[in-house]
């Protein structure tokens, strides 16, 4: 089976233990951090396993290239410390079961774009920016054949990920594209971070959507009319798996004349949308999520954001309503880019 | 043909007849399927037509003149498609058109439809008036014959032959001239666009017309077409590409919008009236163009645009589509869609009912007379309102 | 049973305001007119097609004319004719006697239990052709038939008389009927149907193949000239609101003794 | 010629009567599994007066009359089992009055649920009625006539409990009014007059309801629903009891279904809330999801799935497409809430035995006083075998309802027989007398609720 590559000795030599000391949801000093991460590495119980909100951020914080978050999740499963109530876990696992027949494998041309489980968001990949892309997973009835499964990190079920993921990569690979742009950066993180971490082969190259958009915008430079609007970016948990691509957010903003507002909860300090936290088993989770959302929103409002830019559809579902009620317009990054080249954004359906 | 050979054999039984197809977008009544609104029997709803089609093709019921009428009362307005919540909704109208096509193949169409189709085949228009007379509407105007101008102004059958619609066609010609648009018409060389023929299920005749038009346009080097009728616009934009028709098509309201935005057309003369706008099905629901005509109207000083309760995707069809402006299966009652529609227009308090389609124009103007509303409600084409505002009326 | 239907191609003048008489004054200006099947013949064809659908009928459609007349035969084929024969001879200027001589000669070569004609033609409208052919063939006939029902060895028909009176006959076969409009509802012939009929065989014959000579076709009646009728003097256009116009119309009709 | 036809033409005009095969075909069907029966006439009247004349004619000619609203009962209640006149009431579609202060609406019998909802949204946004889960063409009158329930059932009960007054054409043609409207211009209460309510639950066998006054309720600014999931069906009655105790929800529905897979073997509780302010919403959310349900979450037995704002219109017709077959029918029952676990388990067994993906749902009526529990069976209209399977499953479900001590809601003929078999003979006898008194010629929707001789 696939084994997580995690080296506990590097944690002992780690000088910062950023993984836990920088956690925004637990208050942990360096000493405790080292002790707890070592306990976790050794397969022992730790309060961290109980209190973790599964925000992925420690994957990014770790300065040693270890995989603290994947480790926490593995241990939660092994020690039966599920972060969510049992029915939600069962529901989540069942959600990923394909049930409407096999997908049609169409020959993809280069480059290809994979929608993953967001086939019903095809309206977001229209217009010049996406012209000429061949699209994988266009049929909402078949989309679970393209489900990257990484969502189960929130469910303490890496076993499910490891069991299903090889089949999924195979289905995607069957389309024959060598380079694949992933609509959702959780898919991107899956194939560029998680798969290598546990030793699953990935027979294609993954391209981050924002890198693709950035390059496309450069090609369409003549069409760009600077937007001159103030934006706040809602960074999703999955982007913690590809911190090297995070700079494209700012790069795109610069290119299209969107001004990032000065915020507290930005970049590495970004806050979770709360979608996962609200359902967690730990006492007070719903109110905790509400509090996180409230702080996040106040931060955007105080910074004067006019648009809240989204990467992840789950964040969008959770936060689009609340941000609109604050008078901030929610928009996917792709729509923002379309606006900048004079197209009509697809907006909310 | 039996049910097994029917193109939608694996789909037509999927209609549950839940009745969504009869509602307008805002559910305010059950009167947005023009045929159902007119007759108020379940047979005339989209669901009723689908069930009857299936029953006919599987020999549960026999063909009758009444069955054919029920099918041909469908105006192809797409309200049902807009409302049907099921995943096959994109095909519910196609299923009815395919059933009509089978009636056409078996020769079993109502007499009025037969006449309509034969007239188009012989004379290139549903009225049966000679082709030679198609250009008569330009007489006394300065409209030129097409010879390589930027736009081909395609007028269509109603604009070419119907006295009232001819006025609109000439008025639009004057507006285009005033804006400095380079355009020409085909006059007696123009042929029917075939849009109605297509919705009536006469596929081969439609093919013939489309091929003829595409060939002619190519020979003349046409690259841009501006259509008076949304029906023509729809056929050219959505159907002609499969006959290799590669020119760009516009509905005239789109061109007027661009001319006004580009300040090529000065509407500062204004038009003082409270105006309500009726969305033509083939511009609105078929092509999603709800804003261009509204933008044009709003840009005219003095126009107070008021909306009917049923507007945009929820607009009630005038009852003229699917050849019904000629075959008139929906006429003759105060429940006729055109009459219902002018009552709705009148209820807004507007003094002008603006249309953007010659079929709607003829249908609604007749309905205004039938309702005795001539003194309070004038039917005017958007082009005519623009003409008044730029002093070429 | 063998049924033969004779059909004709006529100009369609319905789209024009008025007919124009050409320079020869013996014909109308045809260039601006489209051609079509003679209205009455369409009913005759429909009647034959309906017989074919009911019983084992072999249906042959025939015409006499130049090659552009093929289109009416294609239409007949699309309506269900098994065979179509055109005698290749332009007889537009010929008289009824000549045309019926050709048709009778042709029908004689074909098996025929029932021969159907339209009651008249839309262009010259003499209404003689069918009756003359019947006489030449020596078979019984009925003209202006408004309903027909084929039985064993005979056909039962209703004929239309003045003022809507009907006359019923049983006629022994073989027989010839000329068909009145309204006897049925001619089906629509789709463009697709006509295209498929293009693939069917169409037989061409010459008058000489029928053993006919120029003398036999010599005209007995000669057309001297065509004229448009003089314009009527009294036409009154009634306008105004419906209540008033209706009242005036009733008044006029009463005065004329019509009401 | 047909003199009944001529008389009908005289009453409603030729356009609104048909004896053509097309209309007779369409009006012979229910949308469920009931076998079709052709009517002899399809008639669409416009006024109470016309209905009176039609009923008198039917009495003279001894012809059945089968009233039809939206035609969505799915139990075959508007199928003309014995032919006669199919009476399509949808032309009677005027909303006569909305009394904002006394919170009621008086509507004609053809007014649809969707029509009233939309009317209130546009003109009386502070009012709502209890809209059932049926497609919006279901009528208000048809729904109360079968004891329907809607999305306000949890606080306020059955829709038929919300009737303030009725106008009815009796089977013998007289027009009667019941409730305050019988003596006053106000249609505001059914009480306190002597109770002669003989028209609700009778499926149109005792008369034709032509007007209804229905109670309206406050409609708040924010409407939305939270979802809570459990795996153990035994928890549902307890959860329902505790949630209803808060008196905070305005609709409470539990469901479980095999397809899509996420819901299989799980029970989703949809808890609808409404509030006029964020403060009110926060308060209600906290009371329900933290104070009441918090302990289930901590124990890991139940999960909060989030709260979605906005109100979804009923999407039930999508159920018909589960087998890409255009059909479904369900057995609805009115059950004690405590039977939920058994209803679920036994229903699942029935479905699996008939090879149909299971779908069950329980909507709470009142403060846990009862629930409407339904077993839904989709079928493929083009495949008679699946129709047969669904019909069998439906009959087994009818049997199950009675076995579990429940009552069948809007039973079809099969269910009606089961109910009558078990009914106290004196009650049955009274029903028979009532029917004979009201409908001496047996013309009203015959075949339904026939007590027998």
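Read from first to last, the chains carry the letters A, B, C and D; within each, the first residue is number 1.
One rule holds for everything that comes next: a residue touches a chain if its C-beta (ideal position, glycine included) is under 8 Å from a C-beta of that chain, and two chains touch if they have at least 3 such contacts.
Just so you know, these numbers come straight off a predicted model, no measurement behind them.
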Chain pair, most C-beta pairs within the contact cut-off: B-D
Inter-chain centre distance, chain B versus chain D - centres from mean C-alpha coordinates, in Å: 40
Averaged-CA centre spacing for the pair chain D and chain A, given as whole angstrom: 45
Inter-centroid spacing, chain B versus chain A (mean Cα positions, whole Å): 48
Averaged-CA centre spacing for the pair chain C and chain B, given as whole angstrom: 37
Shared-contact residues (touching 2 or more other chains) in chain A: none
Topology of the chain contact graph, where touching chains are joined (line, ring, star, complete, other): line
Chains grouped in pairs wherever the two touch, ordered by label: A-D, B-C, B-D
Of chain A, residues touching chain D in the complex: 82, 84-88, 90-92, 94-95, 97, 99, 275, 278-279, 281-287, 318, 321
Chain C-touching residues of chain B, taken from the complex the two chains share: 104-109, 111, 113-114, 117-118, 121-123, 128-133, 202-205, 207-208
Complex contact set, residues of chain D against chain B: 15-16, 18, 20-23, 25-27, 29, 31, 42, 44, 70-72, 88, 90-91, 93, 112, 114-115, 117-119, 121-122, 135-137, 315-318, 320-321, 324-328, 380-382
Chain D residues touching chain A - in the complex, by the definition given at the top: 229-231, 259-266, 285-286, 289-290, 294, 296-306, 309
Touching residues (chain side chain C, partner chain B) in the complex: 12, 14-16, 32-34, 36, 79, 185-193, 195
